[in-house]
Structure formats: C-alpha cells, structure tokens
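Both complexes below contain chain A, partnered by chain B and then by chain C.
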Partner chain A sequence: MSSLSSTRRAVFLRELGRALTAVVIALVVALIVIFVTSANPGAAFQTLLTAPLSSNRTMGLWIDDVAKLTLTGLAFSLVFQARQFSMGVQGQVYVGGLCAALVAMSPIGATPLAIPLGMLAGMIAGAAYGFIPGYAKARFGASEIVSSLMLNYIAILVVNYLIRAHLAPPGTGQLMTAKFPDPAIFPAIIPGTRFDLGILIALVATFVVWFLLYRTNWGLKLRLVGHNPKFAEYAGIRASFIMVSAMTVAGAFGGLLGSVFVQGRAFGNLAQNFDGNLAFEGILIAIVARSRPLAVPFVALAYGYLRQGAQLMGIRTDVPTEMISVVQAIIILLVASSFSLPGKALLARLTGRRTVPAAAPEAAK
Partner chain B sequence: MAPLLEAISIGKTYPGGTVANDGVNLSVEAGEVHAVVGENGAGKSTLMKILFGIEQPDRGELRLDGRPVAFANPREAIDHGIGMVFQHFSLVPSFSVYENVVLGSEPRDGIRFDRAKAIEAVRALSEKFRLSVDPLPPVGQLPVGQQQRVEILKALYRDARILILDEPTAVLAPQEVEELFVAIRALVAQGRTVIFIAHKLPEVLEISDRITVMRGGRTVGSVGTKQVTEDSLATMMVGREIALRVDRAAARGGVTCEIKALRIANDRGGTIAEDLSLNVHAGEILGLVGVEGNGQAELLEAVAGLRGIAEGAVHLDGTSLEPLSVLQRRELGVASIPEDRLARGLATGATIAENLVATRLSDRRFVRNGLLDLKAVKAHAAALIERFSIRAGGPGFAVGTLSGGNMQKVVVARELAEQPKLLLVNQPTRGVDLGATQFIWKSLTAARDGGAAVLLSSADLSELLALSDRLVVFYRGKIVAAFHNTDDLTPETLGTYMLGLDTQEPETMRAALQ
Partner chain C sequence: MIELLMTVFSATFFVTVIRTTTPLLFATLGGLISDLSGALNVALEGMMLIACLTAVIVSVYAPWYVAVLSGICAGAMLGALMALFHLRFKADIILVGFAVNILAAGGTVFALSRATGGDKGTSINLQSKAVPSVNLSFLEAVPVIGPALRSLLSGHSILSWLAILTVIGVWFFLYRTPYGLWLRGVGEYPAAPEAAGVPVNKVRAWSLIASGALAGIGGAQLAMFNYIGFTRDMTAGRGFIALGAVLLGARHPVGAMLAALLFGIFEALAIVMPNLFNWIPGEIIQTIPFVVTVLALVLFSYRAQRARQLKTLSKI
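Coming up: the complex of A and B.
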C-alpha cells in the first residue's frame, strides 16, 4: 500500500501548501494595513508575529484560544461531514454556558462535582439546542442554515437578558454574574495563566470526534450521507436520522464549549456576549481542516496564534483596533476562499469531473 | 488539398498525471461523416474538448483549412465554425425552442429582442437541414430526440461548418436514430462536416464515411468504413478479440416476484405508471424496454423501496414489500444496481471499502456494538476487488479515482457479493467500456443462474436483447407489449411499440406476461 500512503501524503502536502500560501498572503495584506495606519510599522508587525510567545501569560491566552477554537471547529466539522450547514454553534455555546453557570451557582458549585456536572449540563443543553434545527429540517423541511442562525440570536439575547435581569448580583449594575466558587472553575495547569483544563478537554474531544466518525457505524453512515445522501437512501441508511443525530451530537460539543468558556479561568463567571464571536470562527477552522477532526487542533493552533497576535498588536501598538478586525477578516476571507472557491468547484463539475475519471485509467495501478 | 480539420500529435496530461491523449492524430475531410470510436477512457472526449476549445492541448497542433489554429475557449471554436452537441444537453427547459436556439446571439431590433426574426430563422434552418422542430413550445415538453435537434440547430444557427456529436444515439429509440441519420445526411449533402463519437459499432458503420479508432489515449488508425466489419473494428478498439455473447437461461424456476396492478405516482399525486402487472421467475432475466422516462426506472425504484406505491402490490416470495424499508427489503434478498452510479450508486468521496460495506451496516460481520470492524471491512473489500477484478490501488482508495467501468464494477460487486433473490438492474453498462461490459454481463447471468429473478432496464436495446429471456415494452407508463426473446425479435419490432406506433393483441401479451 505504499502507493496509497504516497497519494495521501501528496494530498496532505497540497493542502498544507494552500493553507501556508493563504497565511502568507494574509500577512502581506496585514503588513500593508500596518504600514498605512502605524507610525512604527516594524514594531507593530513584529508584535503581530511574536507577541503570543512573549510571556507565559500570552502563551496561556493563545492556548486558551486554541482549546476553544478546536471545540467549535470540531462541532462544525461534525455537521459539515454530514453535509448539513447548521450554523448553531454560537447558540449552543450560550445555552451550554448558561446551564453550566446555573450548576456552578447552585449548591453543587461548591462540591467537586461542579466541573463534571457543569460540563454535562452544558452538553445536554447544547445537544437539545442542536436537535431543534435538525428536527425542524427532517420533519418540516426547514432550512437548517436559517433556523440555526435565528436560534443563535434567541440564545444570545435570552442569556444576556437573564444575566442583566436575574443572574447578576443585584444593585451592582454589572453585566456578569459573580465569580463561581473555586471548585466550579477549571484548575490551571500552569499557575497564573489561562493554561487550564480546557486544552485537555479539547484534545480528548478531538479524539472522541475522530473515533465517532471513523471507527463507528454511526460515523460511517454520517459520512456516507454527507458524501451522497441519495446513495445513503438507496443503501438503506436512514438519512434523516443521521442528519438529526449529527446536529444533536455537534450541539453537545457546542454546549461543552459553553461550559469551557464560563468555567474556564478566562471568565469563571457568566458574562454578557462572552464568546466574542469566537464560536463562529469554527466555520473557518472546519473549512481549512477539511472537516477532518485530527487536523482541527493544528489549524486552531495556527489560526489562534494569528488571532492572538492581532489582538496583542491592538493592545500594545498604535494600530487601531478596527484595523485588527480588518486584518482578521482578510485572513478569514483569504484562507476560506482558497479552500472553497465555489467557482472552481462549479467549473470542475461542468468540464472536468464528468470526463476526467472516465478518461483516467485508474489513478494508481 | 489540405484536410478541413487536422489534429497532429495532440498530447494532453491532466493535472494529477492522467495521460488522456498521447500523440493523437485526426484528419477530417470536408463534407464527410467522420466517426471517432473507442472504449471509455480511450481519450475521445478529451480530443473533442480540445477541438472545441474546452481543453487546451499540452503538445501538438490543430489545423483548420491547413492553417494552425488554437482555441482558448469554446467561443473561439464557434467563431471558427465548429459546433458541438454534448451527450448531456445544455438547454433551458422553460424556454421555447427558438429562444434556446438563439440564446446568446439573439437577433436584435435596436435593443429589443426581435422574436419574429428569431422564429423565422429557426424555421428556415430546420427546413434546410430536415430537422423538423416546432420553434414555439418550451423545450422541456419535447421528447429527447427533439431536444437533440434543438441542440444541433443551436450549433447550425451559429454557422457551424463542422459539427461534433458526442454519443448522439445513446439517448434515442431506434426510429429516432434513423431520423437523426437522415438529418446528418442532409447536413453533409449541404456541405457541412460531421464528427460523430460513438461506441455502438453498427450505427458507426451505417452512418460514417471514415472511422478513426482510439485506444488508451492514442489513435490506433484511421480506416474507410467500407474496409471494415463490426468484428475487425471491435478488435481494433479493444486490442484483442472479444465475444459479446451470452447464454440464455437453462430453465426458469417458480415465480419469485409478483407485481400486481401497480400504480406509481409522483410527489403531486400525478400518475407516472399504472396497471403494471408482472411475474418474474427465479432464474430468468426480464427486460424492461422503453424510451427513457416511460416508467421503467420508476418501477425499479418502487420495488427497491425508493419510491412509494400508490396502488397495487409487490410480493417477493409471497411477502408484501410495501410496508418494508429499503434495508428490510435488502435483508429479504433484494439487490439493486441503480441507473446512475454517480448520483445514486456510489459515494465517490468515500473509499472503495466503505462503498462496498454501505449496504451491510447491520451485519454483525462488520459492525458489532456500533463499532466498525475495520479489518473485516478491508478484507471484504479486498476479496471483492479480487473476485470482480476491479482495477484499483486498494480498498483504501476513493471510488472517485476509478474509471467509469471500475466504478460500475464496485456497484455490481456490492450488489452481487451475496446471491440475491431479486435483482433490480438499470443501465448496467452505460458509459462502460467493452471489457467491463462483458464482465458485468457475465456477473448478471451468473446471478440469474444462481436463482435470482432479474428485472433489467436499459436504454441499449442490443443489451436487452442479448440478456433478457422475456421482454416487456413500456409506453407512457403502461405495459403495451410483451415478448419471449427469440432470435427473430428485432430492435425495430420493439421500437414500434416503444414509440406507441403499434399495439399488441391482449392475448399475445398475456401469454408472454406469465
């Protein structure tokens, strides 16, 4: 099977090359933006490239982002592999975070059960929230894109309202709850940093998603539905069950991310708009990782570095924070477009795909 | 005098290293019908795409009227007087015939689309070239043969001197093929040149003046049609002697599948097919004859469980199939080779092993406690690759990397891995080369000899006549004729019923339906 491993390696190298090209282009664009807006572009650019490594604390920030990006990337990878375009991770993060916070703020919060039960509550809530658009699609044909996006707004606004009106300490005017008791907050792996249990949870989750997709009956069915739903139906696979269950399981990972957010050392409480739109960046992670769970942490590592570098550049240099968002958006645009040029796919379908396999006497004899 | 169109040592390598053309030569004289034949994967389509500017050659040269030319895109090829009709039409179904013909080069009156002039132009063209089509109805309402004429008119409207027809007969009934040939002769009589891609050899011999044979990305040679026979041509194509003969069933068994007064409806409740009553016996192949879209495919889908049954019943060995799911039917011994392997028969992005096991995911050999036994899955795939001589790198390769014939073998291998009781087959060898066709036919007859009742639908009448023990003809969703397959049954006889030109005596039909 040496030919197989060599083709796999070729594919891997091609994908890696693409990702690196996109990153380089993004950096060039970032450099231009920096030159236009900064009095000291050299220092600003250096900050962008090196700041995440500058101290234990910044490395902790970076790794904390990596853990969260990995989890959202996994949740998106699962639904993308089933070719469902549920965008509901953000909503799942909020309901998951809310339920984890409720556990942490209850009497259980002071016991050693606070962390596992908080995570479990988050996962159940997220799963339930992921189930809704799946069921609506299977039962009523509702587009999962629209319903999941709408559910995101509902979750964010309801959670924000609950924090403001009921959960924040009365009379303080704060838009966050009080800190959870210590047993409900993830222990730090390196004291004094955000390097906490989150990254371990993310790595275990990576393995679990990989195992589910590639070693179980359910995962094979899910991937077959994703490859070709009509084939799945013909082969006797219940596509709608797979669809709903994929969205539900992905929802559980979204909810878990909610728990990692609120119980992690970065917060340790439930605040309004706590996810900072990070949940959505999982789409990018999943696209670049081609929805392969084992590639997700690596993509998260690279993307998280750029993201953290850009944020630190915003704090430490004179590059305005708005420009940081522009640079981030450009990175997203470039990386995403180099992977999913719809025009390219269409062209391939119109011209190549019909004939290339026919004209090709086996890729490898 | 230089030939009208010449391709000289064309080479084309696709990204990924597939050599599609390697030193291909083609020389087409003005006013001839030039056939290009070869198996699938021989490089015909690539060559045509190069001639039409869709692909650019890596090596070699094109000459038109003796002058070198290069087409960067189809537009330039059209400007040089080359037109192409693809196997899959590119028509707008809701637009009328004349709108489709002039689309993109509309006659104008100021900035207005001059409809009267367009209709007039289309009428004039269809008269001149004996391609009678009414310019006014929407294209979507026309039968396939008429749609093809619209495609040809499209090319002629753009002043094509050279017309490339890519497998034009694949979708036509025999009578429609005749009409197409009349039109081709009219085209040539008026000085146009036709390049005709095909792999049905009798048709090639009938219509063409010269034949270029391709094999494995190279041209084997160019011969005058009068100098070859079907056998010598087949040998040139394949490079070895092949025999496409099948043994008929020795004896048939009892009734396996009984279809009674079946009605099939579409999503809106409209009737697609009705009053279908058939018995299929163990050990026989029952051929479903008909122009595509007359209900044969829907019957197979209804039996497989992919489509609802509006009225009537389907029994397999006395068990009603109607309440059963696809999977339950499969467990009873129903196997099915679907019409379009890419659309329904395979997940091309998944590996060969995954495709081969997809219908057996409740089998304890491969799945226990919800976990895949990867070793068993791989061994299963390796055994089937061996048994069905699928040319592939191994079980772990994506199905999408295989050639059409080998993809179809994956489908056949999956469905025939275990002896089925009822085998539903639709277009088993469409777009498959002769070698694989021969193999697939053998596999089907082996399943029949093993006791399977086989329902076979195909657009290729010679395939139906070669394999079937009995044949029923569909026309507009009804069975209009039934035959025992004897040597004096001809495609033309079947064709008259396929087009609804003739009806059979009820008694004759009933006798052949039993």
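Coming up: the complex of A and C.
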C-alpha cells in the first residue's frame, strides 16, 4: 500500500514538474516575444504576471474565468479519457447558452426556478448536441473530430442569427439580447464582483466527473475503452455505447458551461460570439491535467491567471492579448510530448543522485 | 428557382466554383498525403491561416510568386514542427495539430498587428498583391465552341491550373513511384516497411512537411486570389472541411478532387445565394458547407462500413 502511494506521489511530482517546466519555457518565450515587439517590455511583462491580483474586480474576473475553464476542461477530460477526440464543446456551449437564455427570457425567468431550469435546459441541449457526433461515429463510423468541428461552426452561425434576427430587442440593432430578469442571473457571492455561483457549480461538477469516472461502473468501462479498446471489447464492454455516452455526458457539461456563460454575472444576457474562444482552451486544460478531473480546477486556476493577465496586458499595454496563443501552443506541445528536461543528466551527475523533477526548472536555466 | 438554375449553369458560376475549390483542393491533397502516411493532420486549418498571412505580408515587398513560395515554406515549416514533436518527442498528432491551430488563430492576429502597427482585424492597410489569372482569350478563335470555351477556361488563377497538375502529380507519386509505395506502406502497416529497411520516421516526417506545403499553397490562393488581403480567421473552417473531404474522397487523389469540388460547389452556392434569395438569412446560408460536410461524411462512412461488412461476409 505504501509503495503504491509512493509511486503515485512520484508520478504526481513528475507530472507537476513537467507542467511547471512547460510553463516556464513558454513564459521565457513570451518574454522574448514581448521584448522584441513592445515599446515598453518591462511594463507589459509585469502586467501579464501581476495584473490579475491588482484589484478585487480583476480577481473576480480571474475566478470567473477559472470556473468556466474548469467546466470546459472537464468536458474535454471526459472524452479524452475515452480516447475520443470530440472537439464539440464550443458548439455545446452555444446551444446550451441559447436554451438557458430562452428559459431566462420566458415567463419562468422571473421566478426562482429560472436558475435551475436554465441550467437544466442548457445541459439537455448540450447533451443532445454532444450525442450527434457520438452517434454518427458509433453507428456510421464517421470521424468525430470532423463532425464535431463542423457542428461548432453550425451552432455559432445559427445562434448568432437567432440573436440578430429574433432575440435582440427589435429596432436597436444590438447584437445581444436584453438583460435577463434578476432571478435568472446567478447571485454574486461577494457583492460587486463577478465572483458568483459559477465557481461553486464548477467545483461540484469537478466532483461529479471524478465520481463518474473513478467510482462508477460506467467510469471504469469508459477508462478501459480509452486505454485499450480491443481488450474492452473482449471483456464484453460495448465500446460503442461507452463512446456515445461519454460524448453525451461531456456534452451536458458543455451545455452547462453555456448556461454559466449567459446566466453568470459577466453577461446576464445572450450576446453574439459570447464564448471568446474560451471553450476551446479546455483542450489545454485537459492535456495539462492529463484528463484527471481532480487536477482540472488547479490547472484552470493557474491557466486562468495567465489568461486574465494576457487580457489585461492587451488592454493596458501595447502588446495584444493574442500573444498568449504562443504560450498556449508551447505549453500544449511540451506537455503532450515526452520531452526530457534539459540539463537533467548534468544535474544528476553534479548531485550524484536522482533528480527531483520539480527542482528541474531552476536547473534548466 | 429558375434564377438559381440560370445562375448555377452559367459560366461565371463555374469560374466561382473553381475559385472556391482551389484552396480546398490543395488542403485536401495535403490532408490526403498525411492521412495515407498514418497521421491525421488536424492542423490544415492553422497551416492555411499562417500561410495566408505570410503570403500577404511577403507580397507587400516581393513579387507574387515569392509570396506564394513563402506561404508554401510557412506551411512546410509547420509540418516540420509537427513532425518534430510527433515523431521525436512522441506527442499525440491530434494534440500537436491543435497546438498549431491555436498558435495560428492567435498568432496571426498578433503578427498582423505588429506588421501593420495595431490593426487587429484585417490587412486592409497593406498593399498586398494578387496571384495573376490566366488569360486564354485566344480560345475565342476556336470555331463554334470558342466563346464558351473562353468564358469557361479563361480567368482562373494560375494556382488553379497548378492544382490540377498537383492532383496528377500526387497520384503519380503515390501509385507509380517507390516512394509513394513507401508512404502508403507506412500508413497501412508500419512494421512491414520497417522490416524491409524503409526509414519509416523519415517517410512520416516528409509527408507531414509535404502536407504543410500543400496546405500552404491553398492558403496563398485564398489570401491572394479568392480574397486580396488577410482577415482574422479567414480560413473559416476550410482546413477542417478538407479533412472531411479526404475521408469523403475515399483517400484517393481523384476522389479528393471530386470531394473538394463538391464542397467548392456548395461554398460557391453560399456566395451566390444571398443575391437570389434575400429572404434566407446570411448566417443560415453560411452554414451550408458545414452541414453538407457532416451529411456527406455520415453518408460516406455508412457506405464504407456497409462495403466492409459485405467484404467480410463474402469471405465466410
């Protein structure tokens, strides 16, 4: 038992070390890029690293992002654990957001039922939207990557059309709906910030996904299918059912994220292109967290900080927010690959013992 | 309805179809090569986008062919990057591909704002050039069908003609040269070519590079002929549609061409329809290529599955 827990600890430390090294390398590259392109690189880099902590408001923005990143990371983790590359979270966010908004704008929106029913509507819509590529793959063998990506584009276009032509207040030319009635918007936990119900939903969802994956029959089968589909098939597990159900459940979380988006304090209405590409960043969260649900919120916390720093850097300095995509790509490339830490062998020789991976980032310099 | 048919069977519509098909066809051929070598290249989208921006920026300072070449190089370098991480560092090819897509989506906006001094959406302030179109007005002299021939064949981008040559070239390479056999063997069952002494990883790396180069030409055509200049996210899913076209084309160059042509026709329809049916909202018309891709993919996969089942049944 103790040897088991010590190997788990070693694996954890190794993964942590790899993630930290990836972040450090990515930040060094970001620093170089900022130095080459910015007129005032010091201020830009400082904003990137410290701005999210500068006020209550920015901390609220950060935590709001963390909640959303956690949910999209969970949705991606679920399908990645089944080794399905369904990329449909963005589409699910849009249909989920649309259905939650429809509930909030209906007469129910003024009653206390608005929040639970809105979330439920979002989840059902997202699950249905996640079911389509799953079913198409299980029944017809259609590649889930292509079909889910196409469904993303379709969902965005249709939702944007509905907002423009039908849901926006007529005659204003706005590309968003009117504010929802108060009972339909998540209450703030700390007044005056965006620190709202979303973060609690994200934490509960984390627990639910962990429970589903590691404490239920279905989760065991799902992970088996992901690890070794042939073995799972021989063991009598219906891989196609697991495939479809994994994508459907992940879709429900995607839809829930849609509801958190539109009903959260950040929006409180349905706007065109509301997701700001956040839904896709769940790929990064899931990869860095190695698709482990319990690691997802921590990765989201760290990544959300970086993301918010980049947003504020885009607003306050001359370096555009999009610079962060360089950091994202490097982190994904490094974490997904089995690179060995540079200088590890040298360090081992110097100290004469096996290196602790977490100490390597310093050694890398 | 009659107006739609009139439009569809006109020469201008044909020219539009060729124009919309060309970038898709290059990307599809790129996807085909990497798919046959055993790597699903989901980064076609990002490769095209980066090639678009590279071609546009280079074309400000250099002649158009240098710009196209630089687009090709940009795609090829991304292919090499994917090969490095996939083959050397053993990263999953799909994750590497999405890393390239993320890099492309944000990196192009970043690079554009650096290149133009702050413009975040488009390269409207850059004096970029276009790929010249081929003028075949001498065909007019052909008796009887001359004018029709001229209106159908004249005015296409040079790259469209290159695309047809590329289809033939890719076919010849894959099915008539030893290297093509290597490539298909590596994708089919890597252990066999490995045992025969074929450098499997080298073949894979070069097919990813070729894949990127082809996507790069597609990007150059998109940004220097279909549109003149760069707009953020201008590839708008074409790389992913190309991925579908590879599967739909039964993983064969000629099939890939037909599939790209099919999606090109629907994209062209999405371009002409707003003028004819102004009661259909633009967003819904824009979904047509994506809906068609999903439907075509499902139908084709179903047929392929049936064919496989029949094959195994006949063996029993």
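Just so we're on the same page, the second predicted complex is superposed on the first by the 319 of 365 C-alpha atoms of A that agree within 3 Å, B and C clash if a C-alpha of one lies under 4 Å from a C-alpha of the other, contacts with A are read in each partner's own complex, and residues count from 1 in each chain.
The working rule: contacts are C-beta pairs under 8 Å (C-beta built on N, C-alpha and C of every residue); 3 or more make two chains touch, one makes a residue touch a chain.
This one's a predicted model, so the numbers in the text were calculated from it and none came from an experiment.
After overlaying the two complexes on the shared chain, residue contacts for A:329 are found with chain C alone; chain B is out of touch.
Of the two partner chains placed around the shared chain by superposition, chain C is the only one that A:165 touches, whereas chain B remains out of contact.
Contacts of A:39 after superposition on the shared chain: neither chain B nor chain C is touched.
In the superposition on chain A, A:227 makes contact with chain B only, not with chain C. Interface residues of chain A facing chain C in the complex, by the touch rule stated above, are 37, 85, 87, 136, 139-143, 145-147, 149-151, 153-154, 157-158, 160-161, 164-165, 277, 280, 283-284, 287, 320, 322-326, 328-330, 332-333, 336-339.
Considering their complex, residues 14, 16, 18, 20, 40-41, 43, 45-46, 49, 54-55, 88, 216-217, 304, 306, 325-327, 329-330, 336, 338, 343-350, 354, 357-359, 361, 367, 370-372, 374, 391-394, 396-397, 400-404, 406-407, 431 of chain B touch chain A.
Within the complex formed with chain A, the chain C residues making contact are 40, 42, 85, 89-92, 94-96, 98-100, 102-103, 105-107, 109-110, 113-114, 120, 236-237, 240-241, 243-244, 247, 281-284, 286-287, 290-291, 293-294, 297-298, 300-302, 304-305. Those residues of chain A that touch chain B in the complex are listed here as 1, 3-4, 7, 215-221, 223-224, 227-228, 230-238, 351-352, 354-365.
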